[in-house]
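Two complexes are shown next, each including chain A; its partner changes from chain B in the first to chain C in the second.
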Partner chain A sequence: MNESPLLTPTLFHAGPVPISGAVVVTWLLVAVITTASWALTRHLSLRPGKAQCVLELFVETLDNQIRDTMQVQPEPYRALIGTLFLYILAANWSSLVPGIEPPTARLETDIVLAMIVLLASIGYGVATRGVRGYLRTFAEPSWVMIPLNLVEQLTRTFSLIVRLFGNVMSGVFVLGITLSLAGLLVPIPFMALDLLTGAIQAYIFSVLAMVFLGAAVEAHPTPKTLENKEP
Partner chain B sequence: MALDWWTLGLQTLNVLVLIWLLSRFLLKPIAAIIAERQQAASRLLDDAATAKDEARQIRDAAEQARAEADRQRAAALHKAEHDADLARRQRLQEAGAEIERRHQQAQEALDAEQQMLQTAIEARAGQLALAIADKLMQRLPASARVEGFIDGLVEGLETLPAETRQTLSHPGVSLLLKVPRSLTDAEHGACSAALQRALGHPLKLEVSVDSGLIAGLELETEHAAVRNSLRADLARLETEMTLNDLQRP
Partner chain C sequence: MDNLIQIVSILAAAIAVSFGAIGPALAEGRAVAAAMDAIARQPESAGTLSRTLFVGLAMIETMAIYCLVIAVLVLFANPFVG
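Here is the complex of A and B:
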């Protein structure tokens, strides 16, 4: 990674459409994740194998995290949060493959992820509270807070972008610099650290997405939410 | 810094497609199988609870049946004991009655045997007495077996009721005189004379020898009899002895 991280080089053109490396890697990740998911869920049974146990553990943990963080039933949010976590994790860890640059090291990918979270929070908030109810949340606790709340919507989205982009991009840069300065074995600790950083960033992004979505649907519990809160 | 809007759009499309794909091929199937397992577990728990309830009901029914059986057994045992007690009492009563009856029969048999023995002894004693008397009389003169009893016969006639004696006084009445041996003429005459004196008129006398008299005379008619012989005396003694035995407590 010798060029500027703020620039997105075009890998090839599909007609008039320039295709960047991040898009191609994302396609590969989508293919791999989807194929693995299809392969692992083809023969699900009530007596699970090891792989099914791991998958069920992942889904159970994800559901419990959504319940604990958002205080709602996890079904409507499971696909979005689970996909964000798996995609960001896979994208971050794709840097271990030689010649692959993680898509999350590019600003466009992080912007897309953060904007999806922003739009999802708006969509779920409107769906839960209605348009007037959702807009009324910007005037809480007082109408004086409307500008601050609007700014908060933008800044927290921006913080999502910058946090993910900065961590992953810096990891890629550190790894590239280390590779250019030292031999093959020296970058291994940095690669391990990059794995840890990638997993943490995926977890943080997912948790923050849950927090933002939870804030959008907060204080307007559905019957399922009440049912979930009962001991 | 310049954003690549094509990349932005394509990545948006990629992430949305990935959300749908993961939802379709990973998260929903896993959540569905978890829910299915939870339902199966819930069903199993419900079935187990139902089976437990059924088992509890069966156990309660069995306990009730056992209690009922115990109660019936106790009732049957009590009834059997009561019946056995009644039967025992009845058997004892019957046995007592049987013992009493057999005792009474034995006593009666014993009394009868004693009576028979007494009778036999008395008969034997009578025979012995007759034999003894006969032996003794054989030591006396032969005339003593007749003459010595004529006065007694006359006294016997006099003790008869007047009506009876009057019937004996009718002429033509035949008197049967039993004697222990054949009478001599003198003895026949003495007897006839004594009887004529006693009755006061002549009479027709028929003499019959009966050695069983041993000694003495007996007079018989159609309406009366006068016994004046050792056999008659022994018979009277025997009768008196028997009466004495019966009157003895």
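Here is the complex of A and C:
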């Protein structure tokens, strides 16, 4: 166990660009998810088959979750949140395939995922409120809060990174240690626990992404929107 | 001198993980106890409760994981070891 989990070993070079194992696994996952989504949505019918039923159940649950968490219509956010959830779930569970290490156990993948959430929250905030309106949310409830709000943007992105990285990395770490201590069947309960942790972390990451996007889109309901909500 | 820093780093990692595990352990115990209590009172809401419990437990566990990350940082990416 002398290999540092914080360093990313280079697998090969594509020209001047070093390619790590996590990137290759990510490409594989993207290919698999894209192919599966394409194959599942190609023959949609009014009388759904088994696969389409599962798909509709997933999309409906996602929509309800977005509606409950963000209090908005789910259409603009469905693709982003759903893709985040599916990718993290597939990445966490990819450790089941022998020889594949989940890309989320490397710091870089998690940084990119959290950066996507941060940039998306800025983008959606600017799109719904305008640049001036979005910047004004930093000065709410008063201008004293500006530094705190700025720091909050950074710390919550950082906690997103470390939460996902720490959970998945510690799973891989524990597996490696048990494997080096005891042989064949002992790591299996830990792998089952990893499955649970991976699913919960994917769920938590997407829920937190929803919360951040929701905060950027509708941080403090203005009196006008409240009036509109009253019948 | 370099050796001393390594010894201190290993000690610091052990202390970080052990003390960082105390708080989340107590918190998880309280959360599970409260959930058990609620399930005993209202067995029909066990599904919602256990789902929320799992998410809450994962959130609490993250605090311990932060300590683990710090320990790993100290062990593998220590800036003071040449």
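In this text, the second predicted complex is superposed on the first by the 216 of 231 C-alpha atoms of A that agree within 3 Å, B and C clash if a C-alpha of one lies under 4 Å from a C-alpha of the other, contacts with A are read in each partner's own complex, and residues count from 1 in each chain.
Quick note on the criterion: contacts are C-beta pairs under 8 Å (C-beta built on N, C-alpha and C of every residue); 3 or more make two chains touch, one makes a residue touch a chain.
The shown structure was predicted, so the numbers you read here are calculated from the model rather than taken from an experiment.
Novice: Could you tell me whether chain B and chain C fit or clash when both sit on chain A in the superposition?
Specialist: Fit: chain B and chain C sit side by side once superposed on chain A.
Novice: Is A:123 in contact with chain B, with chain C, with both, or with neither (first, second, both, neither)?
Specialist: neither
Novice: After lining up the shared chain so the two structures overlap, which partner does A:109 touch, if you call chain B first and chain C second: first, second, both or neither?
Specialist: Only chain B is touched by A:109; chain C is not.
Novice: In the overlay, answer first, second, both or neither for which of chain B and chain C A:6 touches.
Specialist: Both partners, chain B and chain C.
Novice: Quick one: is A:203 in contact with chain B, with chain C, with both, or with neither? Answer first, second, both or neither.
Specialist: second
Novice: Given Cα centres, how many degrees, to the nearest 10, is the angle at chain A formed with chain B and chain C?
Specialist: The three centres form an angle at chain A of 120 degrees.
Novice: With the two structures laid over each other on chain A, which partner does A:76 touch: chain B (first), chain C (second), both, or neither?
Specialist: neither
Novice: More residues of chain A in touch with chain C or with chain B?
Specialist: Touching more of chain A: B.
Novice: Look at A:162 in the shared chain and tell me whether it touches chain B only, chain C only, both, or neither; answer first, second, both or neither.
Specialist: So A:162 only meets chain C here.
Novice: With both complexes superposed on chain A, which partner does A:170 reach: first (chain B), second (chain C), both or neither?
Specialist: The second partner, chain C, only.
Novice: Please give the nearest C-alpha separation between chain B and chain C in the three-chain superposition, to the whole Å.
Specialist: Shortest inter-chain C-alpha distance (chain B to chain C): 5 Å.
Novice: Where on chain A do chain B and chain C both make contact?
Specialist: The answer is residues 6-7 of chain A.
Novice: Help me check something: in the complex, which residues belonging to chain C touch chain A?
Specialist: 54-55, 58-59, 61-62, 65-66, 68-69, 72-73, 76-77
Novice: Flag every residue of chain A that touches chain B in the complex, lowest number first.
Specialist: 6-8, 10, 17-20, 22-23, 26-27, 29-30, 33-34, 37-38, 40-41, 44-46, 48, 52, 55-56, 58-60, 62-63, 75, 78-80, 82-83, 86-87, 103, 106-109, 111-113, 115-116
Novice: What residues on chain B touch chain A, complex-wise?
Specialist: 1-4, 6-8, 10-12, 14-23, 25-31, 33-34, 36-37, 40
Novice: State the interface residues of chain A toward chain C in the complex, per the touch definition above.
Specialist: Interface residues on the chain A side: 4-7, 159, 162-163, 165-167, 169-170, 173, 196-197, 200-201, 203-204, 207.
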